[in-house]
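Worksheet: one structure, shown below.
So that you can tell them apart, the chains are marked A, B, C, D, E and F in the order they are listed, and the count of residues begins at 1 in each.
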Amino acid sequence: MTSALERGRDIVRTLNPALEQVLAERYDDLVDGFSESLVEWAYGRHYARPGLDLKTRQLCTVAALTALGGQTGPQLKANIAHSLAAGASREEIVEAIWQMAVYGGLPAAINGLNVARDLFADLDRET
Amino acid sequence: MTSALERGRDIVRTLNPALEQVLAERYDDLVDGFSESLVEWAYGRHYARPGLDLKTRQLCTVAALTALGGQTGPQLKANIAHSLAAGASREEIVEAIWQMAVYGGLPAAINGLNVARDLFADLDRET
Amino acid sequence: MTSALERGRDIVRTLNPALEQVLAERYDDLVDGFSESLVEWAYGRHYARPGLDLKTRQLCTVAALTALGGQTGPQLKANIAHSLAAGASREEIVEAIWQMAVYGGLPAAINGLNVARDLFADLDRET
Amino acid sequence: MTSALERGRDIVRTLNPALEQVLAERYDDLVDGFSESLVEWAYGRHYARPGLDLKTRQLCTVAALTALGGQTGPQLKANIAHSLAAGASREEIVEAIWQMAVYGGLPAAINGLNVARDLFADLDRET
Amino acid sequence: MTSALERGRDIVRTLNPALEQVLAERYDDLVDGFSESLVEWAYGRHYARPGLDLKTRQLCTVAALTALGGQTGPQLKANIAHSLAAGASREEIVEAIWQMAVYGGLPAAINGLNVARDLFADLDRET
Amino acid sequence: MTSALERGRDIVRTLNPALEQVLAERYDDLVDGFSESLVEWAYGRHYARPGLDLKTRQLCTVAALTALGGQTGPQLKANIAHSLAAGASREEIVEAIWQMAVYGGLPAAINGLNVARDLFADLDRET
C-alpha cells in the first residue's frame, strides 16, 4: 500500500507536475518540509481519497475559495488551473464561481469571476 | 421563454417541493416577497443556469457552506438534503465536506461533518 | 471636556441603562476592567462621536453583525434592541438585515432574520 | 406594477446611471445575463424596497463591507461613491466605517478608511 | 527518525491522551482514516515542529480560534483544555482571548470569553 | 495610577516608537482622535494588561491575523515587526504563522508566510 505522500504525488502529477518543486523552492527554506507536508495533507489525505471524482473535487474547491473571499485569490487562480487539468470546462468553472453569489455574497462572487477572467486571458495569450 | 422565477420553481420541485411554501410561512410576514425573491435569485438565476449539472452545483454549495463555517449550519443541513435529492451519494457529500479541511481549516470541516452525521441519523430514523 | 468613558456612559444610558452593570457582573471577574473598557471604547470612542446620528449608527451595526454571520447572534440581538431604543422601527431593522443577503450571502441574512423574529416575539410576549 | 428589474433600474439611475452598462461590458460575456441579474436582485429586490431610506441603506452597506474585510475593497469603493450619490456626507461615511473597529476589528476598519481616503482623493483631483 | 504520525501521537499524549481514540470513535466510520490523518497533520506536522514551545503554540491557537469567531466554539473549548495541559494558566488563556477584541472585534472576543468561563466552571465542578 | 492612554504609550515605545505619530499623520484628519484612540484601546487596554507577556501577546496576534486571512496583510506585516521588537525570533514567528494552516486553512497560512518572507527580505536589505 502506498503512503499518503506517494498518493498525493500521484494526484499532483495530473494537476500540475511542477507543483511540489515550485512550492519547495519558494517555501522550504522558511518552513522546513513545507512542500512535502502540503502534498501529503492536501493531495494525499484529501484529493487522493476515493468517493468523489477529481474534477468535482476541484470544482468544490473553486466554489469554496470563491465564497471565502478575495484574499484567497492566488489559491483560487491555482485551483482554476488545476480544475482545467482535471477536465472541467471554463463554463463549468465560471458557473461554480458565480453560484457563490448566493452563499458568499456578490462581492465574493465578482472577485472570483475577475480571477477566472484574468487567468483565461493569460492562457489565451500563451497559446 | 420562462421567467427566472418559473425556472427557479422548476429546480425547487426537484430539490424540495415544499421549500417555497415553508419559506413563505416562515418569512413572508417579516420580509414581504421573501420566498419568491429567494426562489427567483438562488434557483432561477443560479441553479437553473446551463453549464453545470445540478448534482455538482449542490456539492459545490455543500463545500462552500462548510468552508464558510458552522454559522451556516441550518443552510448546510438543507443543502445536504438537496444534494441527496439531486443524486449525490452520502459518500460524495462527506468527501466534499472533509476536503474543506484544507481550505477552511479543520474546525470548519469537523463542524460540517457533524451536520452531515446528524442529518444522516435523522434520515435513518425516519425510514 | 468629558472623558471617553463619560461620553460612552451617556450613550449607554439611552440604549440600555443596565448594560454596564450587566457586563460588569458577567465579565469583570474574568477580565479586570472589562465593562469599563467596553463602554469607553465602543460607546465613548465610537457611538458618542459626532457626524452620524445614533439611529443610523445602530442600523449600520445591525447590518454588519448580520453580514459577519450567525456566530454574532447574541450581539446582533442586543443591537436590535439598542436600535429600537435609538428610534429605529422594526421594519427599518428588518430591511437593514435582509439587504445583507446581497453582501454577506443568503445564509447570513436568513440567520439575522431569525434573530430579529425571535427578539420581536419575546418583546411581544413581555407586553 | 413594475417588475423587480425595472425597480432596480430606477434605483441605479440615482446611484450610478452607467452601472448596468459597465457591468454588462465587463461580465456578460463570461456569465450570460450577469448585469441584468445583479440589478434585479441587489437593487430591485433590496434597495428598491420600502421601509428604509436609500441613504441609510447605503451606509449600512458601507459598514458591512468594511466589517467583512479588505477583500471587498472594490465593492466598498463603489458603495462609498453610491453613498455620496444617495446624499450621505463624507463625514457620515467615515463614521460608518470607523465604527466597524468595534465589530470587525481594527484591521478591517483601517483598511476601510484607506479605501475611503483614496476615493476622496480621486474625487478631489477630478474637480 | 520517527514519522509525522508518531511525532503527532507524542504531542497528543501530553495534551489529551484520549484524543485519537475519541476522534476515531466519532468520525472514522464517516471519514475512513480521519483520526490518524488529523493527528498526523495537526500534531505531527505542526505542533511537533521545533522552533516554538508547545504552550505558546496552544495560546496562538486559542487566540486564532477566538478571532475566527464563535462557530469554532467546540474547537476553542478543546484547545483551552489543551492549553492548560501544556502549562498555560487560566489568566494567560483569558488574556489571549480578550486581546482578540482588537483584531477580530468585540463579538468574537466576548464569545471566546464565554467559552472559557463555561469550561473553567465545568473544571471547578469536576474537582 | 496611570491612564490607559499612558500605559498604551509605554508599550508602543517598546514596539515601535514612531507608531502614534505615523498613525496621527495618516488618519487623524479623517477620523479626529484616531491615533490616540487606537493607542488607548489596543495597547493601553490590551497589550498593557498583566497576565501574559508581551512577546506571547505579539505571537498570538500574528497567529490570529494569519488565520483571519490575507486582507489583514498590512496589519500582519506591522505585527511581525512588533513581534521582533518584543523579542520573538524569526523562527518563532514563522511557526506561529504556519500552524494556522490547521485552523484557518492552507491559503491563509501561505498568504501569511508570504508577508513574513517579504518583510524579512526588506529587513535584510536595510542592514
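Couple of notes before you dig in:
In this section, a residue touches a chain if its C-beta (ideal position, glycine included) is under 8 Å from a C-beta of that chain, and two chains touch if they have at least 3 such contacts.
In UniProt terms the chains read A, B, C, D, E, F = Carboxymuconolactone decarboxylase family protein.
Everything numeric in this text was worked out from a predicted model, so none of it was measured.
Any chain that touches subunit E and also touches subunit F is listed here: A, B, C, D. Ranking C-D and A-D by contacting C-beta pairs places C-D first. Averaging C-alpha coordinates per chain and comparing to subunit D, the farthest chain turns out to be E. Over half of the residue numbers found at the subunit B and subunit F interface occur in both copies, marking it as a same-residue contact. To overlay subunit B on subunit C by their CA atoms, one rotates by 120 degrees, a value rounded to a multiple of 5. Farthest chain from subunit F (centres taken as the mean of C-alpha atoms): B.
The mean-CA centres of subunit B and subunit E are about 31 angstrom from one another, to the nearest whole unit. Look at where the CA atoms of subunit D average out and do the same for subunit E: the two points lie 39 Å apart. Averaged C-alpha coordinates put the centre of subunit A at 28 Å from the centre of subunit E. Touching of two or more other chains is recorded for residues 41-42, 49, 65, 67-72, 75, 94, 98, 101-108 of subunit F.
If you draw each protein chain as a dot and join the dots that touch, every dot ends up joined to every other dot. Residues of subunit D that touch subunit B in their complex: 4, 32-33, 37, 40-41, 45, 49. Residues of subunit F touching subunit D in their complex: 27, 30-31, 34, 38, 42, 65, 68-75.
Subunit F meets subunit B in the complex at residues 67, 101-108.
Chain contact summary for the complex, subunit F toward subunit A: residues 69-71, 94, 98, 105-108, 110-111, 113, 116-117. Residue ranges on subunit B touching subunit A, taken from their complex, read 41-42, 46-47, 49, 51-52, 56-57, 59-68, 72, 75, 89, 91-92, 94-96, 98-104.
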